[in-house]
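Chain naming follows the written order as A, B, C and D, and within any one chain the residues start at number 1.
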Amino acid sequence: MPELQTVLDEIAAEARAATERGKVAAYIPELAKVDPGQFGIAVLTHDGALFTAGDADLPFSIQSVSKVFTLTLALGQVGDTLWNRVGREPSGNPFNSIVQLEYEHGIPRNPLINAGALVVTDVILAGYKPREAIGLILRFMRSLADDESIVIDMDVARSEQETGFRNRALANYMKAYDNIRHPVEMTTGVYFHQCAIAMSCRQLAVAGSFLAGQGRHPLTGQKVVSAERARRINALMLTCGHYDGSGDFAFRVGIPGKSGVGGGILAIVPGKASIAVWSPGLNKVGNSLLGSRALERLARAMDWSIFGP
Amino acid sequence: MPELQTVLDEIAAEARAATERGKVAAYIPELAKVDPGQFGIAVLTHDGALFTAGDADLPFSIQSVSKVFTLTLALGQVGDTLWNRVGREPSGNPFNSIVQLEYEHGIPRNPLINAGALVVTDVILAGYKPREAIGLILRFMRSLADDESIVIDMDVARSEQETGFRNRALANYMKAYDNIRHPVEMTTGVYFHQCAIAMSCRQLAVAGSFLAGQGRHPLTGQKVVSAERARRINALMLTCGHYDGSGDFAFRVGIPGKSGVGGGILAIVPGKASIAVWSPGLNKVGNSLLGSRALERLARAMDWSIFGP
Amino acid sequence: MPELQTVLDEIAAEARAATERGKVAAYIPELAKVDPGQFGIAVLTHDGALFTAGDADLPFSIQSVSKVFTLTLALGQVGDTLWNRVGREPSGNPFNSIVQLEYEHGIPRNPLINAGALVVTDVILAGYKPREAIGLILRFMRSLADDESIVIDMDVARSEQETGFRNRALANYMKAYDNIRHPVEMTTGVYFHQCAIAMSCRQLAVAGSFLAGQGRHPLTGQKVVSAERARRINALMLTCGHYDGSGDFAFRVGIPGKSGVGGGILAIVPGKASIAVWSPGLNKVGNSLLGSRALERLARAMDWSIFGP
Amino acid sequence: MPELQTVLDEIAAEARAATERGKVAAYIPELAKVDPGQFGIAVLTHDGALFTAGDADLPFSIQSVSKVFTLTLALGQVGDTLWNRVGREPSGNPFNSIVQLEYEHGIPRNPLINAGALVVTDVILAGYKPREAIGLILRFMRSLADDESIVIDMDVARSEQETGFRNRALANYMKAYDNIRHPVEMTTGVYFHQCAIAMSCRQLAVAGSFLAGQGRHPLTGQKVVSAERARRINALMLTCGHYDGSGDFAFRVGIPGKSGVGGGILAIVPGKASIAVWSPGLNKVGNSLLGSRALERLARAMDWSIFGP
C-alpha cells in the first residue's frame, strides 16, 4: 500500500496539469463565475488523521452534497416513515426524472435526486419556520464539520432563488400529490439555502466521516446515526449518488459517493476513510470531471473499492 | 460471529414455515408449474468450505442469473469494447425499459436487464452457430460449477421460445439500430437456452465463487477474470442486479446479487463468500421473496454488508 | 331534416331521464359541489336564430372552454408569432402532457391543453397588470356574448388558486425554458380567473358564434377574426379540443368542439351553427358525458358532421 | 371560384420550379433511389370528372396510404369490433409511439400509425394464408381504382422485408399482449407487401373517391361503405393521417388526408373531391413537402377546407 499523502500529492499535481477540465455549471448564474482551474482533496481516515492536497481549504458551494446530510437529519426526525414519501431506487436518465414522478404518483425515486431531496427538506421543515429550518441544517453541518465558521453563500442562495423554476415545478408537482406539505416557496426556499452552504474539502471530509465510522464521528466521538443507518445511507449513495452516472461511478471507483454541481464530491470508504474532493468543471452527466478521476485513482491506489477484498 | 451453518439452518427453517411466499412467475408457462414450497441455500466461503441448507441440491431454472456468466464470457471475448454496445447504468422502473432504449438509440442501459443481456448474447454468438454458442455457454457453466452434470431444461427453453415476444420485440428494436448483429431468431434462441439452464444452489454458489475471490476460483484455482474485472462485475450486480428492486436490495442486504424469475439469486460477499439461494415465489418487482429475505438475514447475521466495516 | 327545436327537446328529455351521468370533477373542490342532474343546450344558427332546451340559462364554470377565447384574443394581439411558443399538434394521453413538455423543451403541444393555455394567458398578460388582463378577458367574453351580466365565480377562482399545483408545476416548468415570461403566480392567477368565468349555454353559444360565421358575429355583426383564422381555430378544436378524447369525438360527432371540466362544451358547425351544451358529469377522459352524447345525437339528426356532405 | 385545371397547372408548375424539395425517405433502401424531382397530382370530383397535372401517371410506392384501404377492408370484415384492438386517438410525437403502446398495454392509438396498421393487417389475415391476404388487398385496390394493372413493387417489398425491424419490434410487442394473433413474420410480411403497392396519382385519386362520395364510388357506382363509415374514416384521417404533423395539416390545409413515406398523400374533400398528390421529398415529420404545400394551395384556392363554409 502506498503512502496516502504521496498519492494525494500526485493526484493534485495531475489535476493541476489537466487540460480537459469539464464545464462549470451554467444554470445557476452565481456558480458560473467560479474559476475552473481549482482542485482540492481531503481525506480523514478512520483513526482521525487528516490528509489534504491542493485547494483543500477553499470553500465551495456544496449543492447536492447537502442531500446526504439533510437525509441524515430527516431520518433522525421521522425514522423509516420517511420511506413512505420517497423511494430508494436509482432514477435513470435525467429525462426520466419528471416522467417517473408522474408515473409513480408524486413519490420521488430516491432522496438524492432533486425531487427526493425536496421531500426530505419538507420533512425537516415540519414544526419550524423556514429560517429556523435553515438554521437547524447549518448548525448540523457545523457540528459535523466541528467548525463554527461554516456559512451560507447568500449570493448563491439568491441566484438559485431567482432561477430555480425546475425545482419549483417538481415541488408543485409533488404538492399536487400532497407529497409536499408546506407552501412551495417555503420548501424550495430552505432547499436553495441548504444547497448554498459553502464548505472546504477539509470541512466536508470531516463532516461526512461518521458514515465511514459505523455512524460514530471519529473526531468528536459523537454517535450520529446507528451502524445500520450509516450502511444504508452509504448504499443509497452508491446506487443513487451520481445522477445518471451512478452506475459508472460504482463501476470505475467502487465506493459510495455524492456529487454536487458545485464540483464537490463526498465519498465514503466504510471503516477506512471519508473523502472530499472538489473541482468545478463537470462531466456530461453533471459530476466533477477531475473529482471523479481523482477518486478513481485514489480508490485504486489504496485498494479501497468495496467490491473486492 | 455466529456459526454459518447454524444461521443457514435457522434461515431454512423459517423459510419452510413461511406462509407468505410470493408468486411463481406465470408468464413462462413451464415455470408456472414449479412448487412454491421449495427453498434452498448454499454458501461457498473463500477458503473453499461449502455450507448448505434446505433444497440446496434441487436444480431450478437459473433464468436471468445466467446474465452474470454470459457477461463474464463476453468480456473475455471482446473486453471493454463491449461497453460500446451496452451501458452501465441502472434502468429505472420496468415501464422505462423500452422507453429508455428508444431514448438512448438502441443502447441498453446495462448488461443485466433483458435488452442488455440480448446484446451480450449477440456478442458471444459472433463466429459461432447458435448450437455452438449454446454449447459454449453450457460448458462455461459446467466448468465454473465444476460439475459436468449440468444441463439445459429443454421444456423451459421451448416454453420461452413459444412465449418470448417481448424479448423478440427488444431484439428487433435494437436490430433497427444495428445493435443486434445476428438474425433475431438466432440471438433470442441462444438467449432462451441460456436462461433455461438448470442448476442447484450448490452448483450456482460454486460457479459464482470466482467473483468473491478476486477473479480466482477457490476450488479449481482457475483465474477466471482479473481482480479488477471481478470488482466491476460485482459493482454492476449491486447497482443493476435486481431489476427495479436493485436500490432496495442494496439498502437492505448490502451485497452484490443477481436474481432470476426462476426464484434463484446469486450473491457475492467480496473476499468472503459466494451465496446461492432459491425459492420460486417472487415479490412485486420480480425477485425471490424468501430468497431476498434469507440474504438480508444472512448478511446481517454474518456482518457481510459491503457498506459497513 | 327534422325541426331543430324538436331535436333539442328530445335530447333534453333523454338527458333528464339518463341514469348514467358521469362523475363531477372532484379535483377543484368548488366544482365538486355542482348538482350532476343538470343539463342544458343552446344553438345559435347562422341566421341568428337561437334555440334552447333544458337548463340553458343556468350559469356554469366554463373552465377550459375559455381557452378558445383566450387563444382568439392572443392571436389578435401577437398574430402568428404565437406559434413560436406553442405547437398545433394533439397531445396524446394525459400521462404524456408533462413528458412531451420535457421532450419538446418547454413548448406545449397546442393551445387547448393546460400548458398551452398558460402560455396563451402569459401572452395576453404582456403590458398589463393581472387585474387588467382578467378584466380584458372578461370584457371580451361579455362583448362576444352580447351580455354585460357575465361575471367570474370568485369561489371557483379561489378554489382553483388553492389547489392548482399541477398548473403551477407546468408554468414553472415552462418558465425554466423561458416560455412563461411573467411571475408564475401572475400567469396562473389570471388563468385561474379565466377558467372561473360563469356562463350559461345561451351565452356561450352566442359568444362562440363568430367561429361558425367565418369570423363574423351573426348577432352583433362584429368581424372578430378573419375567415381563415376562424377555420384554423376550428381545426385546432377538432384535433385538440377534447383532451385524450379528441379523436373519439371527431369520430363520433364530427364537428369541432372544446370541452371544460365544468361540464360545458362549445361546438361549431362551420357556416351553420354554434352550439353550447352543459351537463356536469364527466366521462373517463374528462369530457361531459351527456354533453358529448347530446352533440353526437344532434350532429347526426341534423347531418352536421363536417366529414360528410 | 377559379378553374380547377388552371389551379392544378399552376401548382404543378410551381412544384417543378421548387428548389427546396425535402428529403427522400432513406430507411427503406429501395425508396432512397427515387428521383426527388418528380411531382404529380390528380383530382376526381364528385361528378366523376378527373383532372391531373405533372407526373400523375407515374406509379409510386403508396406505403402508409395503404392503411386507409386496409382499414376499410378490416371494418368490412369485422365491423366495430375492430375498435377493441385499436384506438382512435392521435398518437403524439414519434418518440411516444412505443411508449404509449407500453402504457396502453399493447393497444395502438389508432389504425393509421404503424402499430395500428399492423393490427388491422392481422385482422385481415384471419382465415387466409399470407399470399391470399396479399391477393385480397391487391384486388381491393384494383377494384377501387378500376384498374387491373396495379401491382406490388417486389423490390420495395423485399427491401422492407430486409430492414423492417422496427415494425417487427412493434408486432412482437403487441403479440406479447396477444394483440397480434398470427406469427409475426406472417403479419409483417403481408404488411410489407401492402405498403409496396405501386400506384399513380390518377389511380389513387380514383381508389379513394368513395370516401368523398358518402361511401359510394362515383365511377363504378359501387357502395363501398356506409355514409357514416366514410365520415368516420375521414375523421380518422384528419386527426391521425399525418403522423406528428396531423394537427398542422388540419390547421393549414383543413381536409382529411393520409400520407406515406413514398411521398404520396390521399386527401378527401367530403362531397366534393378525392385528391392524390405525390412528390418523394419529405418534410421533418415525414410527409411529402411539396405534396402538403400543393394541398394547402389547392384547398385555399377552391375553398375546400371543411372548417369553414
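The working rule: a residue touches a chain if its C-beta (ideal position, glycine included) is under 8 Å from a C-beta of that chain, and two chains touch if they have at least 3 such contacts.
Because the structure is predicted, anything quoted here is derived from the model rather than measured.
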**Q.** Number of hops, chain B to chain C, where each hop joins two touching chains
**A.** 2
Q) Just curious, how far off is chain D from chain A if you go by their C-alpha centres, in Å? A) 55
Q. Using the average of all C-alpha atoms in each chain as its centre, how far is it in Å between chain A and chain C?
A. 47
Q: Provide the C-alpha centroid distance between chain A and chain B, rounded to the nearest whole angstrom.
A: 32
Q | Numbers and ranges of chain A residues touching at least 2 other chains | A | 95, 99, 103
Q: Could you classify the connectivity of these chains, where an edge means two chains touch, as line, ring, star, complete or other?
A: ring
Q: Just spell out which pairs of chains touch, all of them.
A: A-B, A-C, B-D, C-D
(Q) Which stretch or stretches of chain C touch chain D in the complex? (A) 46, 87-93, 95-96, 99-100, 103-104, 109-110, 214, 227-228, 230-232, 234-236, 238-240, 244-248, 250-251, 254, 256, 270-272, 305-309
Q: Give every residue of chain D touching chain B within the complex, in rising order.
A: 95, 98-99, 102-103, 165-166, 168-173, 175-176, 184
